[in-house]
Amino acid sequence: MHEQVRDYQVTQEPYYRAVGDEVDLYEAAYAVRMPMMLKGPTGCGKTRFVEYMAWKLGKPLITVACNEDMTASDLVGRYLLDANGTRWQDGPLTLAARHGAICYLDEVVEARQDTVVVIHPLTDNRRVLPLEKKGELVEAHEDFQLVISYNPGYQSLMKDLKQSTKQRFGALDFAYPEADVEKEIVSHETGVSADVAGKLVGVAERARNLKGHGLDEGISTRMLVHAGSLIARDVAPLAACRMALVRPLTDDPDMRDALDAAVTTFF
Amino acid sequence: MHEQVRDYQVTQEPYYRAVGDEVDLYEAAYAVRMPMMLKGPTGCGKTRFVEYMAWKLGKPLITVACNEDMTASDLVGRYLLDANGTRWQDGPLTLAARHGAICYLDEVVEARQDTVVVIHPLTDNRRVLPLEKKGELVEAHEDFQLVISYNPGYQSLMKDLKQSTKQRFGALDFAYPEADVEKEIVSHETGVSADVAGKLVGVAERARNLKGHGLDEGISTRMLVHAGSLIARDVAPLAACRMALVRPLTDDPDMRDALDAAVTTFF
Amino acid sequence: MHEQVRDYQVTQEPYYRAVGDEVDLYEAAYAVRMPMMLKGPTGCGKTRFVEYMAWKLGKPLITVACNEDMTASDLVGRYLLDANGTRWQDGPLTLAARHGAICYLDEVVEARQDTVVVIHPLTDNRRVLPLEKKGELVEAHEDFQLVISYNPGYQSLMKDLKQSTKQRFGALDFAYPEADVEKEIVSHETGVSADVAGKLVGVAERARNLKGHGLDEGISTRMLVHAGSLIARDVAPLAACRMALVRPLTDDPDMRDALDAAVTTFF
Amino acid sequence: MHEQVRDYQVTQEPYYRAVGDEVDLYEAAYAVRMPMMLKGPTGCGKTRFVEYMAWKLGKPLITVACNEDMTASDLVGRYLLDANGTRWQDGPLTLAARHGAICYLDEVVEARQDTVVVIHPLTDNRRVLPLEKKGELVEAHEDFQLVISYNPGYQSLMKDLKQSTKQRFGALDFAYPEADVEKEIVSHETGVSADVAGKLVGVAERARNLKGHGLDEGISTRMLVHAGSLIARDVAPLAACRMALVRPLTDDPDMRDALDAAVTTFF
Amino acid sequence: MHEQVRDYQVTQEPYYRAVGDEVDLYEAAYAVRMPMMLKGPTGCGKTRFVEYMAWKLGKPLITVACNEDMTASDLVGRYLLDANGTRWQDGPLTLAARHGAICYLDEVVEARQDTVVVIHPLTDNRRVLPLEKKGELVEAHEDFQLVISYNPGYQSLMKDLKQSTKQRFGALDFAYPEADVEKEIVSHETGVSADVAGKLVGVAERARNLKGHGLDEGISTRMLVHAGSLIARDVAPLAACRMALVRPLTDDPDMRDALDAAVTTFF
Amino acid sequence: MHEQVRDYQVTQEPYYRAVGDEVDLYEAAYAVRMPMMLKGPTGCGKTRFVEYMAWKLGKPLITVACNEDMTASDLVGRYLLDANGTRWQDGPLTLAARHGAICYLDEVVEARQDTVVVIHPLTDNRRVLPLEKKGELVEAHEDFQLVISYNPGYQSLMKDLKQSTKQRFGALDFAYPEADVEKEIVSHETGVSADVAGKLVGVAERARNLKGHGLDEGISTRMLVHAGSLIARDVAPLAACRMALVRPLTDDPDMRDALDAAVTTFF
C-alpha cells in the first residue's frame, strides 16, 4: 500500500451486523469496480458498512463529509504557496484515485451538483481524473473505487443528484435493522442487557411509526446506542431516554409527550 | 494540559445555580463523551452552564460564537503565509479535538448547515476530524467533547439543524429559572437586596407572559442583572428598568406602555 | 493612555446640549460597563452625544460606520502580508477592547447579523474577544465599553438586531430636541441670530409633521445647521432652505411644494 | 497643490453656460464645505458643471464613476503586495480627503448603500475618514469637498440613497437647458449654424415630450452635440439624426417612427 | 504531435458501434473544422463517439466536464505563482487551440452562459482565442476543433445555450441504439451471452417507455453494461438488475415495483 | 503604430459586402470619434463589419467578448505578482485607449451594468480612463474609438443598457442581408454555385418567418455558410442542411418537421 494512503487503512475489524446479501453484492460490485451508491436514512449504518467493507477488502478508505461549500478543489486538490513557489497538493479524491483507495463521499446530495460532476470521468469506462489546474490526467489506480451515500428522504427539487450522475452507480438500500438485529447491536455496542436493549428498540419502533406524522425522522440506531451507554453509566432509563432520544429529536410539545409516553411504557 | 489550550482553562469557579439534575446528567454524558446540545431561550444561562461544567470537569473550554459567514476553515484551520511559505494553523475545533478541550459552538443554528457538517466525523464513533486541506486525519483526544447551543424559538424552515446533525447529540433543556432561584441569582450578581431582586423578577414574569403577544422574547435573567447593577449604582429603579429592561426589548409604543406599567406596579 | 489609541482621544469638548438625564444615565451605565444602545432618527445627535461622553469620561473613542459588506475581520482584525511573512493587525473592535477605548458601532443594523455576533462575548460577563484566526483570547481592558446606534425607523424584517443581541445592551432614546433647545443649537453652530434660528426650527417642525404622510424622514437638526450656515454666508434664506432642507429630502413635486410653502411662511 | 493630486487639476476653463444662480450657490456651499448633491437627468451637464466649478475654485477634481461592484476599498484604498511586503495605496476618496481635492462620485445610486456609508464620517462635522484596514484616521484637508450626482428618474425601491445619507448634503437641481441656451451650447460645441442647432433643439423638445409615453429618457444635450458634429462633417441631417438621436434611444418601431417624423418636420 | 498534448492522444481504438452516417458526417464537419454539438440523453454514447472519432482522425482529445462553477479561467488558463513571480498556465481550451487537439466540452449547458461565450471567437471565421489576462491572441492550430455535448432533456429556461452560441455549431443527434445494436454492445462490453444481453435490453425498453410517466430518464446503455458485468461475475440476474438498473434510477415505490416486474418478466 | 497593439492590426482585407451607407456613416462617426453601437441579430455580420472598418481605417482592433463574469479589472487591467512585487498589466480597454486602437465590446449587454460604467469617462468629452487601482488617469489616444454590439432581441428588463450608457453612442442597425446579397456572400465564402447558395437562402427566408412563431431566432448567414461548406465537401444537401441549419436551431419536433419540409422544398 502506498505510504500516502496508509493512514487511511482500517486496521481493526469494525463491528458490522449484516442484514442481507449486501456484503456479497458489494464484493461483486468492487470486483468490477462499479461505483456504488448507498441509500438510506440517517444513522442506519451506511458509514459503518463501508468501513467494514474497506476492512474486509483490505483497501484504505478516504471519507469526505460533503457540504454545500465544497468546491471542486476541495475534492481534487489545489496549489499551495511554498518557499519555492507553488506546490500541488492532491485532494482526497485524487489521493484515492492515484494510490488505490476507496473514496467515500458521505451525504453527497449536500454538495453542489457542479462539484459532483468532477467525479464523472472517474465513473465511466475512462476511469480518469483530469486535474485541469495542474494540467495532468490521472488514471485511476486499479484498486480505486468510488462510493457515495444518499438519504432519499432529504431529496428535494433543489437538492437531488442529476440523472447523469445517478446512472453511473450501482445502488444498495439500507434501512434500520430488524428488531432482533438492532437489539443485538445496541447490547453489543453499549454493554446493556438484552432486556434493556430490547426496550430501547421498542421505543424506537414506536417513534419510527410517527415519522411523517409530526416527526421528520425516527429514532436511529445511533441514538439507541447513546441512550444505552448512559444507562450503562447508571443514568436512570427515563432520564437517559429523554436526553438521548426525545429532546434531540423534536421541540414540539405534543410529539415530546407522545415520545415520553412511549418511553414510560417500556421502562 | 497541553500548553496550546492552557489559556482556555476556566480557572475560577463560575457562579452557577443548578435548577435540576442537569449537572449530573452532563457528567454522565461527558463520561461517555456524548456530544451535547443545550437548548433554551437567549440569556437563560446556557453559556454559564457550560463554563461551570468545564470548570467542574477541569477541562479547557474553547467557545466559538457561530455566524452565517463562518466557513469550515474558521472552525478547522487554514494555511497562513509565512516567511518560509505556508504554515498550517489549527482552528478552534481542531485545537480542541487535538489537545482535549471541550469545544462549545454557541448559537450553532446561525452557522450554515454545510459548515456544520464538518463536525459529523467527530460526533460518531470514529471521533476523527479530517483536515482535507492539510491531508491529515486528526484522531480526537480522549478528553475532547463537543457541545452546541440552540435556541428553538429561532428555528425556522431556513435555519434549523439537519436531522442527521441533531441525532448525533444528547440534549438538555434550559429555561428561565424559577422565581426564587432567579431572585437569588440577581441579588448575588448585582448586590441589590432580595426585595429589589424580587421586584425585578416580578417585572420579568409579567414581560414573559407577553411573549408571543407582541414581544418576540421575554426579559432574560441577564437583563435583570443589568437593571439591578444600575440600581446598585444609585440609579432610580424606574429609570434603571426603562434603560435596561424596556427600551432594549421593543420599540412598539403599546408594548412599552405595558412594560412601563409593569415596572410601576413593582417600584 | 496606550499610544495605539491616543489618536482616538477626543481632545476638545464637543458642543452637546443635554435634553434630559441622558448624561447621568450614561455615566452610570459606563460605571458598570454596561454595553449601550443609542436609539433615534438620523441626524438627531446620537454621534455627537457619544463624542461628548467620551470627552467627559476621558476615554478614547473608536467609531466604526457599519455597512453590509463589513466582515468580522473588518471589526476584529486580519493578517497582512509582510516582508517577513504575515503580521496580525488589530481591527477597531480589538483595538478598543485591548487598550480600553469606547467602541462605537454607528448604524449597527446595517451590518449583517452574523457580523454582529462577534460582539457577543464582549457583551456578557466574560468580556472577552476570541481572535479565532490568530488563536488568541483578548480579555477586554477595564476601560472598554461597547456602544451601538440604531434607527428604529429603519428596522424591517430583514434588518433588525436579533433579540439575543438586543438583550445585551442598555438603551437610551434620542429624538429631535425641543424647539427652544434646537433653536439654541442652530444659532450656536452657525452664528445666525436667534430669530433666524427660530424660523428654521419652525420650518423643521412643519416638515416633521409630514413624516409618514409622504416624507420618509423629517428635517434633521443637521440640515438646519446646513441651512443656517448658508444664510450666515449671505445666501438668501429662501435659496438656502431650498438647497439645504427641501431638495435633499424629496423629489416628489407635491411634497416639495408643501415644504416650499412652509419655508415661505417663515421667511 | 500637493503633487499627488496635481494631475487632477482642471487646467483649461471648461465651457459651461450657467442657467441660473447655480454657480453662486455652489460657491457658498463650498465656502462652508457643505457636501453637495447634483440632481438631474442623464447628459444634462452635471459633470460639466462640477468640472467648471473645480476650475473656477482652482481645486483639483477627482471623479469616480460609481458602480454596483465598487467596494469600500475601491474608494478608500487597499494594501498592495510589494517586493518588501505590503504597501498601502490611497483610493480616490482618501486621496481627495488627504490632499484637498473635490471628490465627485458620479451616479452614486449605482454604488451599494453599504459602500456609500464610508462617506458618512467625511460629511458631518468630524470630516474624518477612518482607514480601518490601515488603522489610520485621516482628517480631511481644509480644501476637501464631497460632491455626488444623482438621477432621480432612476431611483427605485432597490436603488435609492438612504435618508441618513441624503440629509448630509445640500442639493442643486439640473434639467435640460432652455431652448435658447441649448441652441447656443450645440452651436458652440459642434460648429453648426444657429439655424441647424435650433432645429436639433426642436427635435429634442418633441422627444422630451414623449418621455414617460414610450420613451424612458428624452434626447439629451450630449446627443444633440453628437448629431451636430456629424452634420458639421457633412453627413446628411436626416442620417445624422437617425444615427445619433433616434437609434440609440429606442428599438420600438412606433417610437422610432414618431422620432423620425419629428426629424423630418425640422429638416 | 506537440508533446504538451501527446498524453491526450487516444492510443487504442475505442469500441464504437455506428448506428447511421454519423461517422461520415463528423468527418466532413472536421474537414471544414466546423464546431460540433452532440445532442442526446445521458449514457447513450456521445462521449464514446467523440473518443472514437479522435482516434479515427488521429488527433489528441481534451475533455472538460463542465460545471456551474467553471470560470473562464478554468477553460482558458491562469497565472500561477512561482519562485520567480507569476507563470502562465494554459487551460484545456487554450492547450487544445494552441497545439491542435479536439476539445470536448461535456455537458456544456452546466457551465454558465458567460463562461461559454469565451468559445465564441474560436467558433467563427476568426478562430482565435484572446487571452485577455495574458494579453495574447492565440490563433487556433489548423487541427483544432471544438465539440460540445448537450442533453436537450435538461434544457430549461434557466439553463440553455444562447442562440448566439448554438448557431456556431453543426449538430448530430444521438439516441439509445436499436435493440439489436444495443444487445451487441452489452454482450461485447460485459461478456454475457447474447441471450442475457437481449433480456437486459428488453428490460431497458420497458423502462424507457416509462420516461415522462414517473421516470425522469430511462435506463441507459451504460446501466445495462453495469448489470451485465455483475451477471458475468455470477451475481443472480434479479439482484444484479435491482442493484444496477432499478435502485439507482428511482426511489418511488410504485416505479420500483413496475421496474422489478419488468425484470421478473425477462429473468 | 505602437508595438503593443501591432498584433491587433487587421492585415488582410476582410470580405464585407456593404448593404447601404453604413461604411460612410461609420467613417464620419470615426472622424469625430463618436462611440458607436452596432445593433442587430446574431450572426448577421456585425463583427465582420467592424473588422472591415478597422482594416479600412488602418487602425488596430481589440475585440472583447463580454460576459456576466467580466469585472472592471478584466477590461481595465490589474496588478500581477512578480518576482519584484506587483506589476501593472493593462486590460484590453486600457491598451486600446492608451495606444489608439478601436476597442470592440462584443455582446455588451452580457456584461453587468456596473462593469459597463467604466467606459463612461471614455465616451464623453473627457475621453479619459481613470485607473483607480493604479492611481493613473489615462488620456485616450487620438485614434482610440469605442464600439459596442447589441442584440435588441435579447434585451430584457434584467439585461439592457442603461439610458445613461446608450446616450453616449451613435447607432447603426444591422439585419440579415437581402436575398441577392446573401446569395453572393454564401457562394463567395463556401464555393458552392449560385444556384445552391440561392436554395440555402430560400431555406433561411422560410425559417426567418418562423421567428416568434416557435423559433427564438431565424437561420443566420453564418449557418448558411456552414451548410454550404459541407455541401462543397460533397455532403448530401439534405444531410448538410439538417446538420448545419435544423438541428442546431431547435429541439422541438414540430419546428424540426417544418424546417425539414422547407429544406426538402428547395433540394
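Some observations on this one:
A, B, C, D, E and F are the chain letters, set down in written order, and residue numbers restart from 1 in every chain.
One rule holds in what follows: a contact is a pair of C-beta atoms (placed from the backbone, for glycine too) under 8 Å apart; a residue touches a chain by one contact, two chains touch by 3 or more.
A quick note: this is a predicted structure, and the numbers were derived from the prediction, not measured.
Chains that count as touching both chain A and chain C, per the definition above, are B. Shared contact partners of chain D and chain E comprise F. Among the other chains, F has the CA centre that is most remote from the centre of chain B. Of all the chains, the one whose CA centre sits at the greatest distance from that of chain D is A. Taken over every residue number at the interface, the positions common to chain A and chain E amount to under half, indicating a different-residue contact. Least-squares overlay of CA atoms from chain C onto chain F yields a rotation of 120° to the nearest 5. Centroids of chain B and chain C (each the mean of its C-alpha atoms) stand 30 Å apart. Each chain gets a centre from the mean of its Cα atoms; for chain A and chain D, those two points are 60 Å apart.
Separating the centre of chain A from that of chain F, both taken as means of CA atoms, is a distance of 52 Å. For chain D, residues that reach two or more other chains under the stated contact definition are 81, 84. In this entry the chains close into one ring whose order, counted from chain B toward chain C, is B, C, D, F, E, A.
Here chain E touches chain A in the complex through residues 7-8, 42-43, 47-48, 63-70, 74, 78, 80-84, 89-92, 95, 106-107, 110, 151, 154, 216-217, 220, 222-223, 226, 229-230, 233-235, 239, 243-244, 247-249, 251, going by the rule given at the top.
Contact residues on chain E toward chain F in their complex (touch as defined above): 21, 25, 28-29, 31-32, 34, 37, 39, 71-72, 79, 81, 84-86, 112-115, 117-118, 120-121, 124, 126, 130, 132-133, 135, 137, 152, 155, 162-164, 166-173.
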